[in-house]
Structure formats: C-alpha cells, structure tokens
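Below are two complexes that have chain A in common, paired first with chain B and then with chain C.
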Partner chain A sequence: MTTPAMTRDRTGALCTIGPAAVFMVGIVGIPLLYIFYVSFNGLHFSFYAYVTLLSSRLFFQSLWSTFETSILATVLSVLLGYPVAIHLARQSPRRRALMMILVLMPFWTSILVKSYAFTIILGRRGLINSALSYLVGHKVALPLLFNKFAVVIGMANYLVPFVIFPVLASLLAIDPALGRAATLMGAHPLRVFRQITLPLSLPGVIAGASSTFIISLGFFVVPALLGGRHDVMLANLVDFYTRETLDWSAAAAIGMCLLAIIGLCGVMAATLRKVRRA
Partner chain B sequence: MNLDSMDRPARRTRYFTTGLACVVYGFLLVPSIIVMLISFGLIAGPGQGGGTNPTLRLYAEFLSSPAWMQSVWHSVFIAFSATILSLGIGIPATYGLERFAFPGKNLIRGMLMTPLAVPTIIISLGIYFYFSTLGLINSFAGLVLAHTVYVTPYVIMTLTAGIRKIDPRLEFAAQLMGAGRQRVFWCVMLPQIRPSIIASGLFALLMSFDEVVIAWFISGVQTETLPVRMYSSIQWEISPLIAVASTLLSAVSFLACLVASRVRPVEGGDSF
Partner chain C sequence: MSHSRAVSHKVRRRNFCLGGASALAAPFISRRSLARSGGELVFVSWGGSYHNAVRKGLVEPFMAETGIHVTMVDTPDLAKVKAQILSGNVEWDIFDSPGPLAATGSREGYWEALDTTHFPLSELSVQPTHDLAPFCLTAGGIAYDPREFPDGRHPRTFAEYFDTKRFPGLRTLRNRVSETLEVALLADGVAPDQLYPLDVERGFRMLDTIKPSIIKWVEATTQTITMLEAGEADFSYSYASRVQAAQASGGVSIDFSFAQTLNFLEYLSILKGAPHRDEAMQFVAFALRADRQAATMDMLVNRPVNEKAMGMLSERVQRWMPDINPGRNALVNDAWWAQNYSGLERRFKEWTLS
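After this line comes the complex of A and B, so read on.
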C-alpha cells in the first residue's frame, strides 16, 4: 500500500514512532523478559522453579481448573451470544445500531461492577435465594456463590459480547437471497438455519469462541471474587505466589506457563481460521 | 420479509429467537441495573437493613468518605495523565506507521500492540517485578507509566481507523505547495482526525479509570485507585458503598458506549 504521501523518510519514521516504541520496550518488553529471567532464578540459573511446579498439586489443580472453567465459559458464551447475533442481524441497520447499545453497554461495564452484582444476585441471602424463599414459603439457601457455577456465569456475562461481534459480522455477510430461495422452495425455517445460516456463520463462531477461550485463560478478577478455594485459576496462582508467599520465581514460572499456553492456543486458533479459509 | 407474509413455523422460530435474545440482553444488563438500584436504596444490599426507600443516603456517605473519595481522585489523576501521555506517543506513532515506508514496519506495529496479545496478569507481573527493582511500586509515576502502555494500543487502533478514512492527497497537495513535514502534520493531518483523537482520548481515559489488575499489583495504600479499592472491598468487607462506586463506573461506561456507538472503535474478537 503506497499512498502519494507515503515517503521513505527514516528520520521521520524514527521521530514519530520512536517515543511509542521506547515506551513499549521499556515498560512492556523489558518486564516480559524479566519474568523469563526471574523464572530461571536470575543469575543463578536453575530450573528449580519449573521442577517444583511439576511436583505441585496446587499447580496442576489450578491448571485443570483454568481449562475446565475456560471451556465451560466459552461454551456458555457461544450459546448465549448466538441468538443475540441472529436477532441483531435481522434488524434494519438503524434499529441494529440502536440495539447494539444493549451489547456495547455491558461490553464496556467494568468487570468489578459485574462481579459485585453477581455476589448480590447469587449470594446465600442474595436475590435468587430470597426470591426462591418467597416463592416456596420457607428458607432456601442454594449454594450459588463461591463455586465454579458463579465463576462461569460471571465470566460468560463478560465474554458474550466477544462472541456476538464476530458472529454478527459473519451473519451479515450471508446473502439473504439464499434463505429466501430456500424458504420459497418450501424449506422449514429450522432447515434453513441448519443448512444455510449455521454453516455460513461458522467462521464467526470459531473466531468468537477462540478469542473467548483465550481471554478466559488469563481471567483473574472473576475467579478471585466469585470463586471458592477450589476454583483458583493460573492467574490467581500468579497473584498468590507474588503477594502471599513472595516466591517470585514460582510466580514467574507459572506466568511463563500461562503465556506459553495462551500463545499455543493463539497459534492453533490462527491456523484453524486459515485452514477453514483455504 | 414482513411478519404477515410468513407462515406459522417461520413466525414461531422468529418469536423464539427474539425471546431468547431478550433473555440474554437481560442477563447482560442485569448487573448494572442491580448496582444502580442498590445505590439508590431501592434494593437492600448486603450488610444493610431491610429499608427500601429511594434515598441518596449512600451517595452522601460516599462523598463524605475520605478513603473512597481519595481513591476517586487518584484514579482521575492517573487516568488523565495516562491519556495525555498515550495521545502524546500514540498520535505521532500512528502517523508514522501510516505515512512512512520503512523496513520492519509490521514488526514494529506488532510490537506496539503487545499489550493486546499478552494477558494483563502477565503484564502486571512483569511490571511488578521490574518496578520493584526500580522503586516505582506504590508511586503515581509508576501507575501512570503502566496505564499509558496499557491504553496506547487502543489509542493507536482507533487513530489508525481515523487516519485511513482521510484522503492522503490533501497532505500531498500541501506538500507540493511547499508545506514542510511538520506543517503538514500540524495543519493538515491533525485537524482532519480530530474526532478520532477525541474518541481515542475518551477510550484511554475510561480504560485507565476502569483498570484493576495492573493497579492491584503496583499500587499501595497511598496510591490506591478506585477499582483497587472496590476489588479489595468486595473481597473483604462488602460495604454498600461499593454500589455507589459501581454506579459511578457504570455511568462512565455508559459514556464510553455512547462514544463507541458513534465512532465504531476496536471491535472485540480479532484483537487477540
């Protein structure tokens, strides 16, 4: 892409991009390398931190919990996001822009606000239990908070918009004539959905699900506030080792593992998308 | 296709998906609504009596609580400083990326976007280690610097979309008529992208104001931000004042959402 105004002015490029590059290297690049360095115990090079992790039950428990929670949250987000995308795709552009606010508003709402609200909704004396108690007539105290259920609900509440945007984009790209033709030839709406809408929107679903899953893996606030002791995810373990036990090399090693897992999933998602496109 | 021309199964499936979508809209919006109701005393929050009369008592309590108000001012100060800094480095960087040709450009572009690809918890950990050795933990300078790099990728993305919309021939014409590089930048390019600058500045402001994970790692008692105070408060005491703070944050997000629906910012999804 060469525009008339695009020039090969190295000094110009250096002067404009330089400051931002210095910031990124200085405040993100060096710290990332520093985690790597700390994870191998700095100058006294050793694999000790990693070896310790391999024998740590807590680590494997939270590794498993991270995957389990992320998969559940992704599945729930896709199930919740898909109908909304269908609904939005059906609206006229004007109405769609208006209804998008219903999705954008939660998208921009702080994760803290959501977590706080869910402690109130799901708590032992929370809104759901109070409503149930009122309906049943005697006290109900379902354990809805501080468990995996609460974490998955809270995460899905945050993640649904990340599914809606790409699915909506791929739904809008479908030629509406396809569905109309199928309907005219007598196809039941469910069949139209199964044979036209769903397959053609699959790229959007894959994009949404993979980004949702990858974001889930690094979740920190929701499991800390809505989860119990057994729902600790890797990000919380990083926090625990940094602040509670002050074991920097363990925290760094867990951080490197999390980064490797997320990087691997990112590469896998990218290849999946490329394979589908080819 | 209007509803009348459809047969019954078509209409039924349409109602079904609409119903389902409305349930999800409700699910998405319910947290913000609940916190608002509690903050105005319409629902009794945890640790409160049963009184459910509309009242601004919690707001009065919030405004007169030095600890909460101080965290608000910290957040405001950090958000404004980080926004100014990120615009200061983000505007020239976007201009450079869009208007200069040089080797390794994609690599540089990718590097400027690292905070988007790396989970915030990892960035927080790295910055925590690094700032500990530099003595920047529990300092405003540290928080401002960290938030600046955190919001800069979003600033660059929004500005890139803005710059790509304007006609580069205008800048070329100015150049032909003898304007220097600097003059083209200040007098031709900047005025044209003013809306994107305002939008990206607002995003930066709101994102920094909302940010909790990095701040949780590197702030201390003297520099506690509003989100950090909320986080520890939800974890330990569940004060009803969290509802007021949450409503405040929701109002701020509502502003962001209004801006977003006007300029179509960074869409989620492909940024990861």
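After this line comes the complex of A and C, so read on.
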C-alpha cells in the first residue's frame, strides 16, 4: 500500500537524484558495458584477451606492483594528511580558506615539472644526499630516486589533498561540545583524541583512503618518471595495449580485471563491517 | 618523441619562393571541393616548439599559397585514429607520426594510398611507401657532459656505450624495445646495413650485459636530457635535436656524439576516408618541397628528407645533421617493427622486470 507520504518521498527522490542517476548511467554505465563487450572481442566473441592476460607474467607482476604501490601511497597519504586536517579544523574559517589553497598547490603544478623537482631533491647529487654528505663529512649517495620509495613519495605529494578534505569535513562535523565535556570530566587530550576525535573522523578517513587508493591504481606518469624498472603499473599496460598495439580487447580485459578486484574488495569490506556489527 | 625545442626563426623569403617546380594542384578546384565537404583541413601534429616550427615553416605558407585553411591539432594518437575509422566519423586529414605509429597504422590499413604525382621524388633521400611519406629524420645517439667527460673519456659509439669497463658510469636507455634492440645489436658489432631482421636473442644477450649500468629506462624523452643535467646519469641515449635545444637554451654543458647514430623517420600519412583527401595530398606534396623542408627543419633541427633542402639549411643547423650514408649509422626499419613490435615489446617489459 502506498501512503501519500511515500509517494511524496518517491517524487522527491526522483527530482533530487534522478538527473544524476541518468547522467551516471549514460556517462559511466553504458561505456562500462561497452568495455565489457570489447573485452570479449565484441561480435567475434572470444576469451582470448583474458587467456592472454592470465598466462602473462607481465600482467601479474604489474598487478602486484600496482597494489603494493597503491597501498603504500595510501598509507603515507593518510599519515601525512590526517594531522594537516586536524590543524586545519582548529583554524578560523578565514585562515582555513587560505591554508586550503596551500593544500591544493601541488594540483596546480605540472607533473613533469614536479618530477624534475623530485630529481633535484632525491637525486644522487640532490638536496638530501648533499645535506647528508655535508653532515657526515664524506660522500653519501642514498638510492632515493628511481625506485618504489620515489614513486610513493611522488604519488603522496599528489594524493594528500584527497585525504585532507574528507577528513576535514568529518572533523568539522564533530560537535565541539563533546570534546569540551570530556575535558571538563578530566580527560587527557590524548584520550579525547582516541575516544572522540578519531572514531568520529573515521568515516572521513575511510572515504579519503578509499578514493586515494582507487586514484592510485590508475597512476601512470609518476611511476614512469620516478620509478625504477620494477615499477610498472597496470595503467602503463592499458596504455600499451590501447595506443601502441591497438589491442583494445586486452586493454578492456585489464580494466575488467581491475574492476572485479576492486568490487571484490568492496564486498569483502562491507561483509566484514556487517560481521563486526552483528 | 624526439622533437626539439627549436629556436624561433623567421621564414626566409628566398626559401619561400624557391622550389616551385613541385607544383600544386589547381587551387580553385581544391577550394571548391573543400567548400563542398565543409570545414577545414585538419593536420594532427605535435605540441610545443614542434607545433610552432611546423606552423611557421609549413602550415602558414601553405595557407598563403593555396588559400586552403588548415587547423592544427596537437598530439597524434593512433587510438583516436582507430576510433574515428571504426565509427566512420573521420575528422582528421593528415597524421604526423614517428615510425612505429605510422607503420602500425599502415598494417591496420588506416591510411589512404598516396598520390605521388606531385611529390619531388627525385629529390628525396628516402622514397615514400604506398601510404607513408617520410617527412624528416631524427638521430638517436650518445649525449654526455663534455666538461665532466672531455674527449677520450666518454663513449662515442654504441660499442663504447656498452663498454662499461673502459667508460664506467651510469647510463640511460629507452623503456621500449624498438631503438633499444638496435642499439644493442650495433654495440655487439652487427653491420648497420645487416641489422634486419633483428637477431632478437643476440640483442637481449647484449642487453643483459648492460642492465646493471642502466640507472633509468626512460619513458619520457625529456628525461634523456634532464637525467644528464641533474647528474643522475653520466651518459644518456638521447637525440641530436634535443641536445641541440638544450645547448641552445644555454647554461647546460651537454654534447652529442655523431660518431654513430641510430636514425629514424617521422612520417606524414592521410587517414582513410579523410574528409579533405585531395587537399591533404596537396599538403603532403607541399611539405616535401625543398624550400618548405629547409624552413621547417631549420627550426626543428631534424634532417630533411629532401636532399636539396640540405644545402638551404643555416650553418648553425648543418652541424646537427646526422650522416645517412651507409657506414656506421643505421636506419630503423619501421615495416619490420610493424610486424614484430607487440610481441617483442611484451618480452622486453618482462625482461626489464626480471
């Protein structure tokens, strides 16, 4: 039975999320279906793209390297971004707006320019190695560039804002009275953080971490410029098949595999949460 | 891509008027057909300084001479060509691309057969194939810092580049199998005119020997230069035009060895079903004319394929032209790569990972 309230609800929903839903179906759903179709070689149905991938060492190594790099970059971004968000949350709105511009700075610099800057910082004769050499008194040349370390640093440099903004939103939504009440009851600031701030900001952390992770999976330029020969990412492979060999089935199959893995991770996370709640 | 940052250089009037022999189709006919098909001739080429050189040396004089309007679009992407041809919605006319892309497109049947009637064929050092017109030639070779490694202390040939005992130091190579395999085979003493078909096993064995000395398998061409500038590499596999541009920008101690180079071609091709096919043919013929080649390459610092243009280049640029006579230098065979690229590239990537 439908009550008038329910009908009103449904009309409201249609008006508010309807346009976005139609848009997303058109712009994401249909192309995704097409990629699925292409991955099976379109009209000439075949599993060859999947067979090729699953028998390719290059694919599995890239897959592993992609996940390893993405997890490391996400962890580092959260560790760096969280304290910044806390600091921002404590500022006056005016100061906060100003500081947010600083947070967004890395976005406005070309990735090529930045990678060159990282060469100057992390290189054999870079700032860090030169400073260490000066302090120690003899030549130091730590291998900081053209390896996973450099890739993770370079990626975090780009990704930190994706953590800061959702975490900041969560922090600002916390009722300040909670913290004040706890302090009045004699709670140590660390305890306030552990029992109030941290748990209440977790949704922001989860949102930030998952978007950071997903963006990381598609990284392409930073690993190519700052990485060593072991740092191949799946995006490089997709590019290789799309633009160099024009084997779009293989490229589409990689996309599908990646989507399946991420979907699986999502389902697992959701189940885990349900189990914990039960 | 090995496209140089050229110093801006005014088109010389003398060149502009020279070489009218390789005539043009009657401009009014073209204009009428252009009006019928609607829109403008679309020329897909590279961005940045390459764009400027081609615009000043080629596109603007072409518009002035024929009255046909040309729109330049940056970055030739073969995937977009495939998409346009598959969807039957071809928007591009002329495609300016290096060997591997051009030859792959050729294998896939993406290009129109060229009408070479108006090409200055007798003046060209490399003849066009049925669907690809060579446009210019780039030289890959060894770049080094002459201040740190004066003559005698830097490798000059590919054999010396692979000789890490005589010339210790970190090196770069490209992160792709084409060029890299050729360099390895030349280093192992294969005669330049007997490179193809490439002895793949021998090439990989040779690459095994240099792997520990390669600090970076370079993805972006700019890094072949910046790695040297920052002192990350002692010697770098780079390109004459890039090194020239770095030198011209000043403040960098860098030079290039012409003792041995691996030369490769840049091509012009016309998309199958191009909306302005006839005007595109006219444009390609124009691009091969000696005066246009000289004016463009004076800015690009690549070697013209029109030999007559060689004499018209300024002195500054002359010294950067690689030798194309059979001898120590080799020319990349793009047709061979079109057949072998995808399999070997996969093997190469797996090899770098191991």
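One rule holds in what follows: the second predicted complex is superposed on the first by the 194 of 278 C-alpha atoms of A that agree within 3 Å, B and C clash if a C-alpha of one lies under 4 Å from a C-alpha of the other, contacts with A are read in each partner's own complex, and residues count from 1 in each chain.
Convention: a residue touches a chain if its C-beta (ideal position, glycine included) is under 8 Å from a C-beta of that chain, and two chains touch if they have at least 3 such contacts.
These numbers were taken from a predicted model, which means no experiment stands behind them.
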* To do: Have a look at where A:S56 lands relative to chain B and chain C in the superposition and call it first, second, both or neither.
  => second
* Asked: So, does A:T242 touch the first partner chain B, the second partner chain C, both, or neither?
  -> both
* To do: Could you look at A:T197 and tell me whether it touches chain B, chain C, both or neither (first, second, both, neither)?
  => neither
* Should A:W108 be classified as contacting the first partner (chain B), the second (chain C), both, or neither? -> first
* Asked: Once the shared chain is lined up, is A:L217 touching chain B (first), chain C (second), both, or neither of them?
  -> first
* Asked: In the superposed arrangement, which partner chain does A:T66 touch: chain B (first), chain C (second), both, or neither?
  -> neither
* Asked: So, A:H87: does it touch chain B (first), chain C (second), both, or neither?
  -> first
* Asked: Can A:T74 be said to touch chain B (first), chain C (second), both, or neither?
  -> neither
* Is the number of chain A residues in contact higher for chain B or for chain C? -> B
* Asked: In the superposed arrangement, which partner chain does A:N129 touch: chain B (first), chain C (second), both, or neither?
  -> neither
* **Residues of chain A at both interfaces, chain B in one complex, chain C in the other** => 112, 116, 119-120, 123, 125-126, 224-225, 242, 248
* Residues on chain A engaged by chain C in the complex (per definition of touch) -> 56-58, 61, 112, 116, 119-120, 123-126, 145-146, 224-225, 228-230, 232, 240, 242-248
* Can you list the residues on chain A that touch chain B in the complex? -> 2-10, 12-13, 15-17, 19-21, 23-25, 27-32, 34-35, 38, 80-81, 83-84, 86-88, 90, 97, 100-121, 123, 125-127, 157, 160-162, 165-166, 169, 180, 183, 188-190, 193, 207-208, 211, 214-215, 217-218, 220-221, 224-225, 235, 238-239, 242, 248, 251-252, 255, 258-259, 262, 266
* Can you list the chain C residues touching chain A in their complex? -> 77-79, 82, 100, 104, 108, 175, 214-217, 219-220, 222-223, 226-227, 230-232, 341-342, 345-346, 349-350, 352-353
* Asked: Where on chain B does chain A make contact in their complex?
  -> 1, 9-10, 13-14, 17-18, 20-21, 24-25, 27-32, 34-35, 38, 43, 45-46, 88-90, 92-93, 95-97, 99-102, 108, 111-112, 114-115, 117-123, 125-130, 145-146, 148-149, 152, 156, 168-169, 171-172, 175, 181, 184, 206, 210, 212-213, 216-217, 227, 230-231, 234-235, 238, 242-243, 246, 249-250, 253-254, 256-257, 260-261, 267-272
